[in-house]
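Shared between the two complexes below is chain A, which pairs with chain B and chain C, respectively.
Right after this comes the complex of A and B.
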């Protein structure tokens, strides 16, 4: 039987449809809202579909607020800082765990992975609400810290501090970092590590010069997987803080979309996406370079 | 008192968060965005606002106490004729979440032999977007600050007062309120004030001992425990009142600039937080000081942890009555399939017994019934004696200030100040 030349490309069709219907079209809607107008009565967004009629007022408004110290500068800077710190902490926690499971998990590997993922069958919001209870004045966190005499009196963890919000981000997303890291580390052939040791490298040198470079793809993939939702997060600061001082870009988008300037909310979304596109481009270029190097 | 509402009155925290998150995640919901295309052209003559200092115009008249508005009638949107018999239902009710006692609704269903369906919304914007997208709801609960818009967009139908004799049970002032003179489109549902909710065991001295009670929000001792309502109109209006500006719908740039600085000052002074969970955060002790709605503070006692005495809850409202006061209304949706039945429902909910049962058994927000003596509410322990301040009296409407529709430009000004505050910049 002869195969049509469309046989294999047809396998990609669901992917193309998915991309078109669930990404490109909605993205164009957001763009049309950002560059559109609002109706005079309710201030609901009126998307403008024709690019020739777009008006850039919302972007002008945002760019004015992007001067250092201004509203949007502060909110973007804070978002990048929180996500950056949360990412670093997640790696500090996730890498050793993934390393341990991949190297030393033995026949418990599947069980250990399941154990890490299991709590995350519960919805994100539920888990954050649980933390609200745990972090309250008379919650278990304060009780335990007082019992082991780290604290003399309960600390108000929910007073709007940055550390609690960053902790929430880490807790919420770290397993999604561990899984790709584990996959990358598990794939590293033991022969390479043994060869490294045979050639006189110390364990530390082996890690630095063999394991770490070979797990770079996993680190990047995991970082992308958890950083993207963190950048759009707004309910973690809502739940664990509520202070304006810890609000992220997502909170501002939420506020503007529901206010009389939905165009600004949509424009912030577009702006955030373009910033993330730069990071994504870095990720894609790096991984492409790595796979080319592997082929050689 | 044998039976108190034990269930929550208002949304509980879990539901609130889930729904608000869901609403936010629906950002790319093209349906809602596309729905907005379908809006009518503005109708009604642009009219300046009365005595509010702002000179901007809106595509609808802005009701103010000193500028009562008779909402326009449209030939293509008539009220139903008198003397019709109710339809077979089911009656579709569109209401705030947990803002209606199911038992009272059940009683209505039984009395008229119909089924009822309650659909809920979390914000007025969400509700209006849905109404505009075209639905077949019969009864809706608009806030007065959206009436001009709703009528201009012809989303409501005028009511025929022949079906609504129980309107006589309501406070005379609300039988023809300034936001809807002659009750053309709405009838009153519940009333409330916005004041200061606090923990009497932590807030010492209490707000009333300050020369300016609103200054309590700046007390650094309550850092991390101080909350404003997460509602730009309520929060900013309170700061206007603190500054002695009683036009809480002002477009005056100097007054609003002062509010902007005061908001930023609150962040610096106490890292102020925002929430609409006044009825749980204060009884649970996470908040010691929370700008609060009176109805929420009637309910707050049911959220106290075991063993905590209910006297720890305090609610301050200006004793001279010069605070924020609001009301919610009931209306019939223009595209209602059961308009006569909807009128019957409005009338039913203004019945003395039904309105009281709805308040007492579940909602916690008080109906403006003439028969409901505020002093008896305290005597009968519906409201604890020390929370008498949560009771709204008819005369409060003369002295209080109501949040009303803003001209779009003024609204944007308010919203932008709020957004800057919320960015923590």
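Right after this comes the complex of A and C.
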């Protein structure tokens, strides 16, 4: 083929420019605001574009608040705890489901997968709204629990309970975990499982020594892909609790950005982003490696 | 009971525990949504118990239904407007980007590939904050509201188009185009006459999927909304869910559900039809399940 080596890069130029201007530049804007100053009279944030003049006041404010027992320490600790528990519960629910569909789905496979994929195309907010309906004082959850006599009186599930928020996170994100798990489990060649059986391994041993190690990549990819949005979540606590007792980092960023101290909000975002950058890079690199292996 | 115990313990069949577990999971996952949709057809005002059936909260009620409450109606139109415009802008840009990323092998292509997939893994909160601050402090000529929301939606949609189209490009391979250029077609002509027709199913799928993710988006829409007149359906749900007095909010949410499920059903039907005409291959749903970067 005789064409200039600039042909293909130039072909995608609108896309590169778009992502440069509206994806990369905004990251610099967060930095410029986070490391900028605040107008002394009206307290408006003043972004500082020159890195030589950056000022770390907002970060100092946050790091002071990160001392054990201070406000940001509590928020970050709570976020890690909620996300950690939600991840563990999601894996405990997601792995068996993905395993069953990949290994034993049979002729129901397409139908089961449809059930797994459906929540992808239902707005997250709609799915939370469904639980707001169900968890009302006179909602079905309370009525069923009273009918089976677990509860004597209706319980107010939506008044700032950690359990409700974690439940919401699991409900919201578990489908996004099941799909990569399913893809990983479905790719394990059956020959390997048969070989393991022929060599005398029990089903449990086969699972522990063949299936589980081979699905490790899927577990990690799935865990990362749901951990990322969970760390940036503020709407689940807002809808299912609404109390400051369950505020996460996301709630704090949302409050600061739209409230009196956007500079602190921007600095919190930078902090969150630099923590998550490791996870994001991990995910992009491993999936790129996997898809290259599949191309061969 | 005896039969059930035998069925459960049958060591020769499929693992019963997993079968029951998976069914319970699916019920848990889907039934709450169906109940929320059912409440939208309530004849009474309750959003937590079933009270007869009517379409009152969709259009009959004079001031409070989706059709007659201006704030709910505006949210519906705002969502539809944004999703349609996003679709029209993001798909052409994304398709060109996907072709460029797949064919370009030179220096810098690795970085470009990395950056173009980054929006997928960036938490929406970070992207929302970044775009909000950008429109407030740097591109001040873009006012918050519909235009800002549109720019935001296109930015995250481009990456989805890239994934869909790149998947198809990789399975087509470069051979057809090479044959066309060997026979003397200039690159642009090979692209137009050979590659684009082959990409058509992926392009149509991109349109529908971008429509669905734009309709469903919440964080970007909220951060870039100017005031209540530019709130989309998910933003309306967020601000009203805890205080909503009537099932009209459920009705609005159900309309959104019907719209995005309609788009996705169209994708699945389309892919099925394609598969049947080509013969072989896995089902459209399974392709979607296997969707990788």
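Things worth noting here:
The rule is simple: the second predicted complex is superposed on the first by the 244 of 296 C-alpha atoms of A that agree within 3 Å, B and C clash if a C-alpha of one lies under 4 Å from a C-alpha of the other, contacts with A are read in each partner's own complex, and residues count from 1 in each chain.
Following the convention adopted for this analysis, a residue touches a chain if its C-beta (ideal position, glycine included) is under 8 Å from a C-beta of that chain, and two chains touch if they have at least 3 such contacts.
What you see is a predicted model, and the numbers here were worked out from it, not measured in a lab.
Of the two partner chains placed by superposition, A:154 touches none, neither chain B nor chain C.
Of the two partner chains placed by the overlay, only chain C lies in contact with A:228; chain B stays clear of it.
By the touch criterion stated above, A:175 is placed in contact with chain C alone, chain B being left untouched. Of the two partner chains, chain C is the only one touched by A:16; chain B is not.
In the superposition on chain A, A:57 makes contact with neither chain B nor chain C.
When the two structures are aligned on the shared chain, A:125 is found in touch with chain B and with chain C.
Greater residue coverage of chain A by touch, when chain B is weighed against chain C, goes to C.
By the touch criterion defined above, A:269 lies against chain B and chain C together after alignment on the C-alpha atoms of chain A.
When the shared chain is aligned, chain C comes close enough to touch A:280, but chain B does not. Once the two complexes are overlaid on the shared chain, A:25 sits against chain B and chain C alike. The residues of chain A shared by its contacts with chain B and with chain C are 25-26, 29-30, 33, 45, 47, 125-126, 129, 136-138, 158, 234-235, 238-239, 242, 250, 253-254, 257, 269. Taken together, the chain C residues at the contact with chain A in this complex read 14-15, 18-19, 21-22, 25-26, 28-30, 32-33, 35-36, 39, 46-49, 93-94, 96-101, 103-106, 108-109, 112-119, 121-127, 129-134, 137-138, 151-152, 154-155, 158, 162, 170, 178, 181, 187, 212, 215-216, 218-219, 223, 233-234, 237-238, 241-242, 249-250, 253, 256-257, 260-261, 263-264, 283, 285-286, 288-290, 292-293. Listed in rising order, the residues of chain A touching chain B in the complex are 25-26, 29-30, 33, 39-47, 69-75, 78, 125-126, 129, 136-138, 156, 158-160, 234-235, 238-239, 241-247, 250-261, 269.
Residues 13-14, 17-18, 20-21, 23-24, 27-28, 30, 33-37, 39-40, 42, 59-60, 123, 125, 128-129, 132, 149, 152-153, 223-225, 227, 230, 232, 267, 271-275, 284-286, 408, 411-412, 415-416, 418-425 of chain B are the ones that touch chain A when the two sit in their complex. Every residue of chain A that touches chain C in the complex is listed here, in rising order: 1, 3, 5, 7-16, 18-19, 22-27, 29-30, 32-33, 45, 47, 93, 96-97, 99-101, 104, 109-110, 112-119, 121-134, 136-140, 158, 171, 174-175, 179, 182-183, 186, 225, 228-229, 231-235, 238-239, 242, 250, 253-254, 257, 262, 265-266, 269, 272-273, 276, 279-280, 283-284, 287-288, 290-291, 294-295.
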